[in-house]
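Every chain is named by a letter (A, B, C and D) in the order it is written, and numbering of its residues begins at 1.
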Amino acid sequence: MTACLHLPLQIASKGNISWDGDISSRRRAEEVLTVDASNREMQQYLFDLQGYLVIPDVLGAAEVAELNRLIDAQGLPSPHESIRFGSAAGLHGPDHGFLNWGEPFCRLLDHEAIMPILRFRLGDCFRLDRLYGIRMHKGQTMGAMHADYGASARNVFTKPGERFHFAPNGIYEGFTVVAWSLADAGPRHGGFWCIPGSHKSNFKLPREIHEAPEKASCVVIPEIPAGSVVLFTEAVMHGTAPWTGDHERRTLLYKYCVSQMAWSRARVLPPPDVTLTARQQALLTEPADPFTFVPSLFKDGVDADR
Amino acid sequence: MTACLHLPLQIASKGNISWDGDISSRRRAEEVLTVDASNREMQQYLFDLQGYLVIPDVLGAAEVAELNRLIDAQGLPSPHESIRFGSAAGLHGPDHGFLNWGEPFCRLLDHEAIMPILRFRLGDCFRLDRLYGIRMHKGQTMGAMHADYGASARNVFTKPGERFHFAPNGIYEGFTVVAWSLADAGPRHGGFWCIPGSHKSNFKLPREIHEAPEKASCVVIPEIPAGSVVLFTEAVMHGTAPWTGDHERRTLLYKYCVSQMAWSRARVLPPPDVTLTARQQALLTEPADPFTFVPSLFKDGVDADR
Amino acid sequence: MTACLHLPLQIASKGNISWDGDISSRRRAEEVLTVDASNREMQQYLFDLQGYLVIPDVLGAAEVAELNRLIDAQGLPSPHESIRFGSAAGLHGPDHGFLNWGEPFCRLLDHEAIMPILRFRLGDCFRLDRLYGIRMHKGQTMGAMHADYGASARNVFTKPGERFHFAPNGIYEGFTVVAWSLADAGPRHGGFWCIPGSHKSNFKLPREIHEAPEKASCVVIPEIPAGSVVLFTEAVMHGTAPWTGDHERRTLLYKYCVSQMAWSRARVLPPPDVTLTARQQALLTEPADPFTFVPSLFKDGVDADR
Amino acid sequence: MTACLHLPLQIASKGNISWDGDISSRRRAEEVLTVDASNREMQQYLFDLQGYLVIPDVLGAAEVAELNRLIDAQGLPSPHESIRFGSAAGLHGPDHGFLNWGEPFCRLLDHEAIMPILRFRLGDCFRLDRLYGIRMHKGQTMGAMHADYGASARNVFTKPGERFHFAPNGIYEGFTVVAWSLADAGPRHGGFWCIPGSHKSNFKLPREIHEAPEKASCVVIPEIPAGSVVLFTEAVMHGTAPWTGDHERRTLLYKYCVSQMAWSRARVLPPPDVTLTARQQALLTEPADPFTFVPSLFKDGVDADR
């Protein structure tokens, strides 16, 4: 399992330059820097820097196939009728969503590949706020770029060009989304795109970028092969690039937050037909103060020595 | 004069993908979003986000040629003997540096294209701390990536993986470098590279990236055609990519800082043979408190109504 | 109604100095600076500076008497059996608490004297998290000094002498307590005490102060006559000075927080026997995102022009 | 040598209350919490909280007498002609000031009682920016309350009631003043007064307090017996209470700052007639980058292991 460092330089180049053979070959020839996913320092640096992190090859082909089989078995309507599926809480209302479709969906709730990263983003006590799946067909689009927290958040009202400051009565890095990729996504297909570093922006996203992200050099579409997981803070400017792939986009989104917070009044319910582990159940807690009411999810918690 | 928004998406893709025709044509066909350099909101957003800003086409071909002629006329030693030229202050000691080579070099001190950007980075009162030029030939390298301020600064001593915090007794965005490009630079040639957003990093640059920036997807080499100017904060992780161009790299660096600060004990001296304007002279002030001792460089200063 | 500016200098003087007549008379003679409670700028400055604010003379003698009559009518056990009374939510569990004892208790929920101050501390969208009353008799004490958020919070684990930093994944000024005084409190009687400014502390409270606040010059017991209201952030180091008054201490505490937060899993329930106004009901909302799910409590909300 | 914790509670009480015997005796009887000046944790907490720190009994009676004798020997004009004496740098211009009046004045430059505190405020590399002495006679006043940095600084231009934010291009805790008291000062005499905690204020000082500090409960006049030293950050709102003492006020002010900063263009010159130690000389450095150009003042510097 390797982290997203085996990538070439991001080339910020003029729109009208063409890639000469020399470059292409230099890229292809490139000996890549592979980073073991257990390189926490690197993961923490990159997540802090970019506001997102891609971990490829977390799920094996068999696991991906099984999840897709279970989705197929639901006989869902066409994405043209509904892009989202298996929703729980958030805008959807109280529900168990796709957690009830089988243990493989519940297993992802606290997968070992994501827990250490969620921990250094959200601390020892966090909860699952909501979840849903996404299916898209060629030509479909899905909402505008947005950040849920910070300078460009819809409930913050910063004026264009006015300096935004992070206030002590707001949570900015309170939400981390874990998006499991069940189909290849990336620059050739579409899917998740974002503006790396924008979770720390002190200025509101200019209208020009908001209206035409595809033309902005600061927007990135990471390569996300099937079996990869993307983690991102909802404070980063993010959204969905138009889907141009011939195959169906499939992603499962799990949205976690610090324990004292809730986004909507609805909650994720435990699945009636699937047994959750104690830690998975703990993630479905009502919002409440960390440690005081919500215990650490980790045995080696900072409060261990209390 | 257009700002650096007419760029394609930065593609974060696997090292081994090859660009298929469809993509390439899509890129080439791309209708580009051009932003007038007077779009302050966009400049402020991008500088704040990335820690650097490229403004292409600031100097016309004739201006670039004139500056190069004046450099040629100095009969400088080969870059293999000395990469830097025309230095003043900083590590070099008190000097006027290339400012004495002619008015065209002094004209850049307070060029209208940079003053508004320096203003929203450094405020109304700032000074020129030091300057020097860079020449490089194919195969030459120049130092390691570094940030002069913040988590990875050499005088900060943050431990790897330890969270760094911006303290009230430090200046972090106190220095802005203005680098005038007198020869094409960019991904195909080398030159300025940096890690966008790293000026806000709360963690130290991992050793792996420091030792092999060319393999890190978070490192960017912007396209900087001759006549362009790059502005960057010295708090951003930055450095010089190995020069692979057949032509000589030529860049003029002017380093500005908030008026109450100084990097070294040496100062830039007024050129004996060239007359400076009042504003250019004002930029050569000794470090001192803004407004209290160093007047605003701008007629419409925030203190105008005092 | 006047704010807490008509006070003499806080004298930080040696424990063994005695007040000579000159001083005393100077104090008594002092012409006092009275500030109308509608002086929002002063209230905001003092609350931001000190972490608390006292507004005297908000309730008239008749209102205080009526609230006390309604409390007397409950036939409560002696404070020696239970200091708290009429609790709702928090540690107590779901309840309506003293809100059901009569409209006068509900009227305080969104009293005009506190709403503007809560607004500039918590924004346009906040909720009532919990409430309870306090009765104390001479000689009684009540818990230790504490701060619920920040460097000294019990769930933060800052080491002594180690610099604490406010992180983007925490709320620090999320809770504001409104304490209505139904009996004189202050330096001669005891009651609310705190360390002004400690809500911004970057270091943990030293053990010596925690163990002996009465000996620390940085601890303040504000004068709080019956009918006054004290507002304080739960991020400020605060607690209860031993009660030395001959009369019974009586205080009603209403704890408010930003809408997306909750301290415990329990909620304040609407009182079955008292009709709440629409705004009072709105304060009992489930935690959820401001504006997105929880509407502004103010007609002239920042989102008015949306 | 004891720090300023052996003080009673600061009583925030109504202007017209009179001190009844009970209280007075309770105060007088108070067993005081004495803190050894080597209690760094306490010093750091209190300085961070209040923006100033009083350390009593640093200089013995003989030392104080000697400094006063040396001042007397200068035959200075009456304070009514000039309150300041022995100035160097700052508004005064390049000079050695009272450092040339004898070794006892130079000894205070890096007195062991202040160096550890300056260190945790300014880091390992700092410089002396300027110095002067103050003499005042009964009835004299001296300027208005002010803060040199932050929300209320004269060169910051925050509007009343507008939230101020600490920006990454400013130093806020860059200056620490060390004021040596050669005569008793305090509430009965006048002298140094300040608003504890105001160095962290997010709002500008309201005009009412600026115009009548003596009426504001948030203003403190600490008890400063002869031989004490007061350290305060120039970011805290501070000034001079009218002198009401029958004796002459005498204070020596040494103003230190982080090494990369300077307030004015003038410098403190080494005294021609007194030999400075190496560390004292080091404090007179030109402004320059810490560690890079200005070495640590401490043998156990954080860069020791470089």
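Here is the rule we go by: a residue touches a chain if its C-beta (ideal position, glycine included) is under 8 Å from a C-beta of that chain, and two chains touch if they have at least 3 such contacts.
What you are looking at is a predicted structure, and each value in this text was computed from that prediction instead of being measured.
Q: Smallest number of touch links from subunit A to reach subunit D?
A: When the steps are counted carefully, the minimum from subunit A to subunit D is 1.
Q: Name the chain pair with more contacting C-beta pairs, choosing from B-C and A-C.
A: A-C
Q: With touch defined as above, tell me whether subunit B and subunit D contact each other through largely the same residue numbers, more than half shared, or through different ones.
A: same
Q: If you take the mean of the Cα atoms for each chain, which one ends up farthest from subunit C?
A: That would be chain B.
Q: If you average the CA atoms of subunit C and of subunit D, how many Å lie between those two points?
A: From the centre of subunit C to the centre of subunit D is 34 Å.
Q: In angstrom, rounded to a whole number, how far apart do the mean CA points of subunit B and subunit C lie?
A: Each chain reduced to its C-alpha mean, subunit B and subunit C end up 51 Å apart.
Q: Roughly how far is subunit A from subunit C, centre to centre by C-alpha average, rounded to an integer in Å?
A: Here subunit A and subunit C have centroids separated by 39 Å.
Q: Which parts of subunit A, given as residue numbers and ranges, touch two or more other chains?
A: Subunit A, residues with two or more chain partners: 167.
Q: Graph of touching chains, which shape: line, ring, star, complete, other?
A: complete
Q: Report the residues of subunit C in contact with subunit B in the complex, numbered from low to high.
A: These residues of subunit C touch subunit B: 163, 165, 167.
Q: Which stretch or stretches of subunit D touch subunit C in the complex?
A: Interface residues on the subunit D side: 4-20, 22-24, 27-28, 30-33, 35, 39-42, 44-46, 48-50, 54, 160-161, 186-188, 193, 195-198, 200-206, 208-209, 212, 214-223, 225.
Q: Can you name the residues of subunit C that touch subunit A in the complex?
A: 121-123, 154-155, 157, 166-174, 235, 258, 260-265, 285-293, 302-303
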